[in-house]
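Contents: one structure, followed by commentary.
We call the chains A, B and C, going by the order they appear; numbering starts again at 1 in every chain.
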Amino acid sequence: MEDKSEEVKAQKATIVVQSGDMDKLYSALIIANGCLSMGMMVSMFFTFWGLLRLKKGGLEKAPLSKMHYLGLGKWMINRRMKSKNVRSLERLFQDYVDLGGKVLACDMTMEIMGVGPKDLREDLITEYCGVGTYVNEARYSSITLFI
Amino acid sequence: MEDKSEEVKAQKATIVVQSGDMDKLYSALIIANGCLSMGMMVSMFFTFWGLLRLKKGGLEKAPLSKMHYLGLGKWMINRRMKSKNVRSLERLFQDYVDLGGKVLACDMTMEIMGVGPKDLREDLITEYCGVGTYVNEARYSSITLFI
Amino acid sequence: MEDKSEEVKAQKATIVVQSGDMDKLYSALIIANGCLSMGMMVSMFFTFWGLLRLKKGGLEKAPLSKMHYLGLGKWMINRRMKSKNVRSLERLFQDYVDLGGKVLACDMTMEIMGVGPKDLREDLITEYCGVGTYVNEARYSSITLFI
């Protein structure tokens, strides 16, 4: 663990966000912000349904992946989170960007889905790019996740 | 591969268990036990729906993520697994703990879901903790998965 | 990053494919082919619903995980992908094998599901194996994903 190369490697996390589900976005952003606050660099690559959450108004529309588990709906989860002072997706995302996290938007998804930069939250996005950029980030990362 | 730091790194796996689905829990535990039996250290961080499976009686209640695939229901999968001598989730979990695997329970999920330690399988849980503990385990792990 | 052991490590990606959903298979293969085309080695371990996609005719049967998102059905996604020159799953898979990617078929899933080698796309499969083989590939990989 004292080895320099290990220390360099332990500095970075790269997360593919393929899901557009609210609970998975929460997990992704909470992990990402945890990494940033512990001094790591983080890149999130938004693709497929995840990319659609970067559309204007997309974060609020995120559905819950398991709506009927426990009989808890999205409204209830949001209320409980609020009462426990868990930040909203919007706030977590702002924190992520403010802490220096990179947001990579998958350009192939944009083409397939017919989504242009103007449709997206350009204030949050660092770069429009393809899988090559993702691979270059991920191969030197300690933590790699697909969410 | 002969480098010492690589060897240290290759000793650890850290798995986020966000899903509460039976088939995903099987995958997580089979991979985790595989790592342990090959001499690696393993930490599993249970959050969201995964954390709910740590409730008393929670493992038996795990639903199948793709109930209608193949027309195979949960009952059928369980029967086939039994006939092929695949261990039950309960047994796999016990093996995991016996082999020295760590079970981290996400304290934020517990707060949001209104779940206390008394509601959980305390016999299985190593530690109640937050995302910071997860990040510290994951950044020095060779294998990092989100399930 | 200049350290030799880091360079060795950055050469490999290992992906568990547990899902049989079309969009997740696309993500898995696009990432895998991206890694291969950048000079990395890649192993994909097909298990559970992912293994079933290796059955003869299985790729074409892959369902879309979020059929009603956007009102886009599988047919529409396929048409849009075709019009944007995105390769089909079959072509992506052929490219993957041609570029030297390894396809590991989970033997435990085959037993449970009652699937024999003759039922599978033997032209694509490198090896029938268990979790131990997966762990040995993954522990020396830079990128490890569960899809």
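The working rule: a residue touches a chain if its C-beta (ideal position, glycine included) is under 8 Å from a C-beta of that chain, and two chains touch if they have at least 3 such contacts.
This one's a predicted model, so the numbers in the text were calculated from it and none came from an experiment.
Two copies of one sequence, subunit A and subunit B, touch each other mainly through non-matching residues, since under half of the numbers at the interface are common to both. A turn of 120° superposes the CA atoms of subunit A on those of subunit C, with the angle given to the nearest 5. Centroids of subunit A and subunit B (each the mean of its C-alpha atoms) stand 23 Å apart.
Shared contact sites, meaning residues of subunit C that touch two or more other chains, fall at 5, 9, 144-146.
Here subunit A touches subunit B in the complex through residues 1, 3, 5-6, 9-10, 13, 23-24, 26-27, 30-31, 33-35, 37-38, 40, 66, 69-70, 77, 80-81, 84, 86, 142-147, going by the rule given at the top. Residues of subunit C touching subunit B in their complex: 4-5, 8-9, 16, 18, 20, 47-49, 52, 108, 111-114, 130-132, 134-136, 138-141, 144-146.
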